[in-house]
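Encoded as structure tokens, the structure appears first; notes follow it.
Per-chain numbering from 1; labels A, B, C and D assigned in written order.
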Amino acid sequence: YVKVLGSYPAKVTRVTPQPGTVRPPADSIESVVTAPTVAKSTGRLVDRATRAGDTVVRVGDVLVGEGFVVMAGPCSVESPEQIFAAARAVRDAGAHVLRGGVFKPRTSPYAFQGLGWEGLELLAAAGKEAGLPIVTEVMAVEQVARMAETADILQVGARNMQNFDLLRALGRVDRPVLLKRGLSSTIDEWLAAAEYILSAGNQQVILCERGIRTFESATRNTLDLSAVPVLRERTHLPIIVDPSHGTGNRRYVDPMSRAARAVGSHGLLIEVHPEPDTALSDADQSIDFRQFAALMGGLADG
Amino acid sequence: YVKVLGSYPAKVTRVTPQPGTVRPPADSIESVVTAPTVAKSTGRLVDRATRAGDTVVRVGDVLVGEGFVVMAGPCSVESPEQIFAAARAVRDAGAHVLRGGVFKPRTSPYAFQGLGWEGLELLAAAGKEAGLPIVTEVMAVEQVARMAETADILQVGARNMQNFDLLRALGRVDRPVLLKRGLSSTIDEWLAAAEYILSAGNQQVILCERGIRTFESATRNTLDLSAVPVLRERTHLPIIVDPSHGTGNRRYVDPMSRAARAVGSHGLLIEVHPEPDTALSDADQSIDFRQFAALMGGLADG
Amino acid sequence: YVKVLGSYPAKVTRVTPQPGTVRPPADSIESVVTAPTVAKSTGRLVDRATRAGDTVVRVGDVLVGEGFVVMAGPCSVESPEQIFAAARAVRDAGAHVLRGGVFKPRTSPYAFQGLGWEGLELLAAAGKEAGLPIVTEVMAVEQVARMAETADILQVGARNMQNFDLLRALGRVDRPVLLKRGLSSTIDEWLAAAEYILSAGNQQVILCERGIRTFESATRNTLDLSAVPVLRERTHLPIIVDPSHGTGNRRYVDPMSRAARAVGSHGLLIEVHPEPDTALSDADQSIDFRQFAALMGGLADG
Amino acid sequence: YVKVLGSYPAKVTRVTPQPGTVRPPADSIESVVTAPTVAKSTGRLVDRATRAGDTVVRVGDVLVGEGFVVMAGPCSVESPEQIFAAARAVRDAGAHVLRGGVFKPRTSPYAFQGLGWEGLELLAAAGKEAGLPIVTEVMAVEQVARMAETADILQVGARNMQNFDLLRALGRVDRPVLLKRGLSSTIDEWLAAAEYILSAGNQQVILCERGIRTFESATRNTLDLSAVPVLRERTHLPIIVDPSHGTGNRRYVDPMSRAARAVGSHGLLIEVHPEPDTALSDADQSIDFRQFAALMGGLADG
């Protein structure tokens, strides 16, 4: 009973899912854009009350919102060797989606900014070889169209959660969007950000809890697992958890992954690197292949 | 019914409990009190590195730090009917310790402040009938000695985590102490607070994560489950989780309890009330008997 | 030793670089863009140590970084009557720059989103009539070029502080940028965001403290005035304060404005509306003309 | 209108009970103690609405709540030389009250805990020689009575703001209480804590903002100056500001002191030490005699 697949046109979407639709017909965009007015009077599109059943986002053969989906791979795509090795390793350990950043939002302009489009080609090739769909971050409106041609899921990073122009642009493409929670965003603000995407037409949104900013410094962020039951109550959208950014420490990724599954989330987003200590970004929080395999084994046993 | 084990020397604790010891011999206190100087030079007493193996706190037949221990009962003891009913219900559902507040730290001086010593007698009687040891909060130095005669575990509330005189006083009795994390205390400050107790002689400390204060208002506090793996790495003391205060919402107690176990904690502290909506304190976050039984069943299956 | 980094006269700005500027104009952008490599080895461009004296940003006849500059006007441009009345009123009371939003970042997609380019024309006309330069928020890369033709200062809102593509785009135009602090950004992250602009060529950045997100709910945000002395120590860039967003309450705008001046900031950004209670956005925190005149009088007396 | 509010019992009052007190002395204790019930139905005793005019707390010749009062001295009393030198220096620079800690709440049990009662004698002697009343922190219920005989103002530290037994005990003595805000206490919780003191009889409470805990680490805490106008609106009690703890950095004490006065507070609490770098506690945030004299001069000019 998969309920949601494609998203266009909006009025049709929720009644009659269009199996097999990969791209929306260009002329249906306008009618979708007018949807918000209706939605506003009857509750938001993201609200659980406005939709019967849970939204399930289909990515190739993967259903996000049913079962437990693991997306894994390096923080940044760094080289062909690195990403192909990672793709095979996470696939062999049981991951369902390959992650890898190619445009990196970095606090400092002098830090490694990612391989860009060239990195995306590498990621796509590695995913294809391993038989895994891919997810990568989109940072700017002008990247959306081109990235939507190659990536299976478009990720919005925490810093861009309220980049409303980007959200609107993502609402006009027919690709699933993985929307990370902002560093200090309330759950209500997060859902309002998702509403920007849904109200522009695209119903395929996956929420991702990745930790919030608090006074505690023992972890990079404070992973707010209570957001999962709160969201499951308030919205029909699927929710996954990123324990890598949530803790910022590879030693805590395994126990927090177990907790994320136990609390009722729909999956994980995990940073895995062939040699974490040499990673160009997020070295501290990346786990290696062996650790990832152990983590997946633990989840299977749990 | 001997509930309290001595704590010195540490190596002996888990191997050969000293039956019958209710108070440490006076002359041993002094040697303990001088311990800090030594401890300081070689690391704190709370640090994992200073002790081989995990600390297990024995409370009657219950071992906190081995297996998974559930402490449950009402926020406040309100009447004989209420506490006896609660004691039986939580016992029947599988709880190991009965909780109940008799001195209540309340934000407003005009709020219900608890039944005091009379409430403690009720709690003790209910625990005895149900065959459960009891835990209750101690709010002031002058309550310590009298409360230690009746309660099996003395709880320090979040607001008193850095009430150093209270901590020192608790360090001089031979009763296990359940030390809750302060609302905005870092993990390091929390361990330093525990060190006040250990350095004064009492080694029987149980840490309890109960949520920290953040900007998010969807939950009363933000339950920081990542504190569990951080603490398991840094200290040998057992760690339990309070999902009732951590979320402030009865609907989130069950999923967060599952997560707390999955993440590796040693147990739970849960508010259970015969009729939560009529509770004199913490009504929103208390679950009823049926919900508690379901929660325990879920943990057994999980 | 005042290093006024020019951008004026506005009409000439992008065509004819001003004589005397220390930073290279149009045709030397490339050399500027390569600067980061050098800068990185010797400290960032934003760092106080890398530049002798304070940066003073010239906006028409207004010098931001010398004396005390007040920017005032409505949160949103709503109508010709409203913005022309506001322009005259804030000018008469002594304001130096007219503010007004035309593209509004709103949490909900269904909230008033601003009048857009039409609003910008109104704002520009009102500023021209009153003889005041204007500041307005730019939300997207594709708005930058067009907005730079009309607005005297381009504002980056708190939610976009780490929208790095937007920052880079602003680094390539010859217009002063007012960079607001992110809701939960550290001072270091804020300076790193400014570095994105400076490292791309544009040296004319004004920092604006507007409150951070904390647990306190008596005010909308917590205005962090200590950021002013911290920044004055760490950077040569000018710093102004926004007590309207900082408190979210019109009754606190006056005392916090006095405090902002006393602490050593270079100016204020204040929301002023003809009839605050009818404002389409930020009604609670806007002050009326009479209150603004009183505030300016108090600053003059202080 | 007379604002000085005495309390009870009059016998421990230092010199002579204040003439003109509007609150009942000795023999009306009962009526005061029963006041809360009445107060509750009509608003709290701390609320502005329940009292005409501002509360002014008299400390010797010093009136806190009128004009601008500066309390200064070392974090800890360390030696006769240190405290006598500090007393003279702060007196000569214009301070009105001498501060000095003798019982120190320290995160670690191994840190310097203060000189205790011996330190209090030194502080009292130094204050007497300099002609300044003294303020020092009381940490425990059992210290209250003895400390009230010697100290002119009893300070409650941030960690004890919700030590309700201590608050109640302070409500029963006739000494002004300086109540610091808790590290993560909302303004409402702070006023509720003050209500514990007022409702127990003692009306002489001075509130002290000392910074709240946030994610920002450039300062030790975030001094929330907006708390001053919020409090002036909500309560009749006087409010002072502690820029030393609020910033944790001596270089920011001067500008934040100016801001604290500009925002409308009733005074300052500042750490001054003969040789800050050698201080046994809070070395980073203490200023020396010369810096304090400059600060006082700046306030006089401002």
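The working rule: contacts are C-beta pairs under 8 Å (C-beta built on N, C-alpha and C of every residue); 3 or more make two chains touch, one makes a residue touch a chain.
Owing to the predicted nature of the structure, the values given are computational and were not obtained by experimental measurement.
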Original post:
In how few steps can one go from chain B to chain D if every step must land on a touching chain?
Top reply: 1
Subject >> Most remote chain, CA-based centroid, reference being chain C >> reply: B
Subject >> Euclidean distance of C-alpha centroids - chain C vs chain D, Å >> reply: 38
Original post:
In whole angstrom, what separates the CA-based centres of chain A and chain C?
Top reply: 34
Subject >> Distance from the mean Cα position of chain D to that of chain A, given in whole angstrom >> reply: 51
Original post:
If you look at chain B, which of its residues touch at least two other chains?
Top reply: 184, 213-215, 217
**OP:** If every chain is a node and every touching pair an edge, decide which shape results: line, ring, star, complete or other.
**Re:** complete
Subject >> Complex contact set, residues of chain B against chain C >> reply: 184, 213-215, 217
Original post:
Contact residues on chain B for chain D in the complex?
Top reply: 36, 40, 105-110, 139-142, 159-160, 162-165, 168, 183-184, 189, 192-193, 195-196, 199-200, 213
Original post:
If you look only at chain B, which of its residues touch chain A in the complex?
Top reply: 184, 186-188, 212, 214-219, 222-230, 233, 246-247, 251-252, 255-256, 258-264, 302
